[in-house]
Amino acid sequence: MNRGCGEKEIGRSASFEDEVSPAPGLEFSTPLLNAAGSLGFSLPGRGAVDPDRLGAFFTNPVSLAPRRPAENRCLVPFPGGFLLHTGLPNPGFRSVLRAHAFRWARMGMPVIVHLIASQPEELARMVRRLEGLEGVSGIEVGLHPEISPDQAARFYQAARGELAVIASLPPDRVVDLGPALQRAGAGLVSLAAPRGALPGPEGRLIHGRLYGPALLPGALQAVAAAAGLGLRVIGSGGVYAGQDGREMLSAGACAVQVDAAWWKGFEIEDW
Amino acid sequence: MNRGCGEKEIGRSASFEDEVSPAPGLEFSTPLLNAAGSLGFSLPGRGAVDPDRLGAFFTNPVSLAPRRPAENRCLVPFPGGFLLHTGLPNPGFRSVLRAHAFRWARMGMPVIVHLIASQPEELARMVRRLEGLEGVSGIEVGLHPEISPDQAARFYQAARGELAVIASLPPDRVVDLGPALQRAGAGLVSLAAPRGALPGPEGRLIHGRLYGPALLPGALQAVAAAAGLGLRVIGSGGVYAGQDGREMLSAGACAVQVDAAWWKGFEIEDW
Amino acid sequence: MGRSMGKITGVWEENGELAARIQCPAPGVPAPGQYVLASDPADRAAALPYRLFPTAIERDGFSAGPGLPRAWLPGSVLALNGPLGRGFALPEAARRAAFACLDGSPARLRPAITTAISRGCAAILFSGGLEGALDRWPNALEVAPLESLPEALGWADALALAASPGGLAGLRSLLGWGAGKRLPFPAQVLVDVPLPCGGMAECGACAVRARRGYRYACRDGPVFDLDELEW
Amino acid sequence: MGRSMGKITGVWEENGELAARIQCPAPGVPAPGQYVLASDPADRAAALPYRLFPTAIERDGFSAGPGLPRAWLPGSVLALNGPLGRGFALPEAARRAAFACLDGSPARLRPAITTAISRGCAAILFSGGLEGALDRWPNALEVAPLESLPEALGWADALALAASPGGLAGLRSLLGWGAGKRLPFPAQVLVDVPLPCGGMAECGACAVRARRGYRYACRDGPVFDLDELEW
């Protein structure tokens, strides 16, 4: 099992005091990160999150063309969590760059842009444009939930270039996508929010992303599975307290993304 | 999407008043079932569960050799659920038959014996012995969480014979095991409890099965995925109320297994 | 204001659900139609903060609910984020204000009603019913059934609504008001959508269809000028 | 008895956690060392029933806790399953009973202590501390630190323990008692393990290592003769 991100740390898990180097060219001053979609396109104002305590900033998902909110968007609570279906609305790659690139350059920490694309070519176009950009250290590639191992490898290859690439895996696909990504050269993955389904307000079944403390056991299992394959893995899912993050590091993660817990008022000071 | 079990019901979901015929030779008087491991090897006494309202009885997992409780067995609660690691202790196939076969013969509903085996040959031995047994209508084959699609097909083939065979899939393996099982001739699957990991009482990470209402969204997603492949699927996971079961039928399940909710005092009358 | 700590100083039942009074620093008190996100740090199982709309406003706190978690007891400490969003801004000159609750609890309109009445404005609330004790509502408030809302078109010089997107979609047919036609007076609507991130993430869960594209209720609302939206 | 409905008639704090008195039909009242599984039907988020050991026993109910869910308020109705398992059966002839709580709350031993004292038996409780108000314990009870438990070997004619499997594993070294050697008097132990299914499923979560194989605490225990177990 690979239990650290940097070469120095093989054999012991990272702690929240450590600097970690999960991939060539990528340095996190601490393994505490945010998950894509949890803190917007650049850091929100009002001091909600102390930027000095965050190892890197992950942007909201960005697509080449603008995406409107899904017609049947909704939030459905369940014991220990909630299902969120939004359709990942975003103003599109050019608008996001126009509004946020100057902030990324001044953020004082590595910025990882989360990209979603329907085709590898679309992904490649966005990546090439980001390579020149000040402040941007890497990209996280959102892989859609039903992607085939071959397709996943093609997406990864399209993204490779000057920037560090993090493949964001659906957590239930670690076992079948992981080896294909490794063969394509990927060493670093993160875990997307797992998907689930619940009846929406109108009674029809809505599929969406799952968040909340109930997701922690599944996330720890997925982290252990990815680390067991020899991947470096950024864990996420159900991390609502410092202790949860430390468990994830012990399970083999090299860093930890906090997601919806920021909205509840997750305090970096607790760690 | 295949939305019913019997031929008559294609195109609408089953309701709890329906009789369902999920496979040739198998008839459930109602789609309400228990999950293997939830009500013992034969029905417990004390009238905890009204046998007239159950469509079939699924036994606890049975292995050829006796299995002792795992050394590090434990129960770890989390918000909305709990992790259970027991090692599936059971007195072994011969002892189970000695103690329970006469009860199965008098149970007044189809009995499905849940079998776990390390090798297809082991499974075949147990199945051949069950084929003659009064009251036993089918077997549910537990597939271990990391099985390969080829192995899964071999287990299925080893089980085929006179009895109806239900392949019990890890819910996160529906997409990659489902097609292999279909090619092997399997038309009917059930969903095992998903696996997760949490630190145990001594702080070490324990892997185990997950139960509780927090599991419902993942289970509905897995049911929809299996039905989408054209499989007949017996849903389970997080069903704690009649409404949860009805959602599962709407999502495409032909029947529903209730698991740990029985322990909390799940009432058939609520349905 | 941003983050502060609040304290529950009283709880009661309204229609069988929990309502509470929350004490907090003055800058944390929401204006009518604004909201506050609140979490109980002791509640480890909660995945999201609760969205609180004020139902009564004081200098050092506010009331919220019904519908709050049962575990919120007097003395509980809450982590608060707010006030957030844009509240009601009825015209100062309004003299006859109509309020209408198209669905959900009318209690969210109470602070706006109290403000209007205290400015000497006449107020009618069109609503399926009044929740909670009658003595929580101003004596001067007139209450009318929702079906009679069309009568407000001739009487009122301002309108304040509370509605889910679905409720809002039924407004024209309720009023018998032709498609695209504007109301004869200023109207605002508090739109009832989930507000999980309060704008922190631009998550999009609160998106409301507007005349041009979408607006996010957490930041651009939850109170909108009716004509901004598609209705 | 099986299933019945109970009602919470009082709650209080012990060591900062909730304890409660539960009213139920007489056949539902557990004997010392037995247990009851209880669920609050209103608590949809609960995945399992709560395992209740009586800490005080009355004709029409019993007390349990500390450690109960905060949402259990006076008036709450509970679905009960019990009494379940085997409780304490100290020899009628015992005159000097030692009780020892190796870990966890000693409150689980209280009903057995009360019974012994009411039979005219002298009782010493060896425990890290007494939880809750002292007035909940019989006046006649003597309390001694756990470290002095070896002294009981010379004094007592019966022993009742409460321990987790880990605590039990430390008993011989605590007593300085050689491997395989039996105690000079009858001894029983209430073993503290999870009891999720209460025997309904033979789930195995409650398995306790015995001299020969395993015993299931939900059905064969939770109170065992010490010599039945590996210790």
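Note that the chains take the letters A, B, C and D in the order they are written out, and that residue 1 is the start of every chain.
In this text, contacts are C-beta pairs under 8 Å (C-beta built on N, C-alpha and C of every residue); 3 or more make two chains touch, one makes a residue touch a chain.
All values derive from a computational prediction rather than experimental measurement.
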item	value
Centroid comparison with subunit B (C-alpha atoms), farthest chain	C
Between the pairs A-C and A-D, the one where more C-beta pairs touch	A-C
Intercentroid distance (Cα basis), subunit C paired with subunit A, Å	35
Distance from subunit C to subunit B - Cα centre to Cα centre, in angstrom	47
Separation of mean Cα positions, subunit D and subunit C [Å, integer]	51
Set of subunit D residues in contact with two or more other chains	44-45, 47
Touching two or more other chains - residues of subunit B	79-81, 212-214
Contact graph of the chains (line, ring, star, complete, other)	complete
Complex contact set, residues of subunit D against subunit B	2-3, 37, 39, 41, 44-49, 79, 81, 194, 196-205, 207, 213-214
Complex contacts: residues of subunit A adjacent to subunit D	79-80
Of all residues in subunit A, those that touch subunit C in their complex	37-41, 44, 46-48, 60, 68-69, 73-75, 77, 79-82, 84, 86-89, 211-214, 240-241, 260, 262-265
Subunit C-touching residues of subunit D, taken from the complex the two chains share	45, 70-71
List of subunit B residues in touch with subunit A within their complex	78-81, 83, 146, 171-173, 175-176, 194-199, 205, 207, 210, 212-214, 216-218, 220-221, 224, 247, 250-251
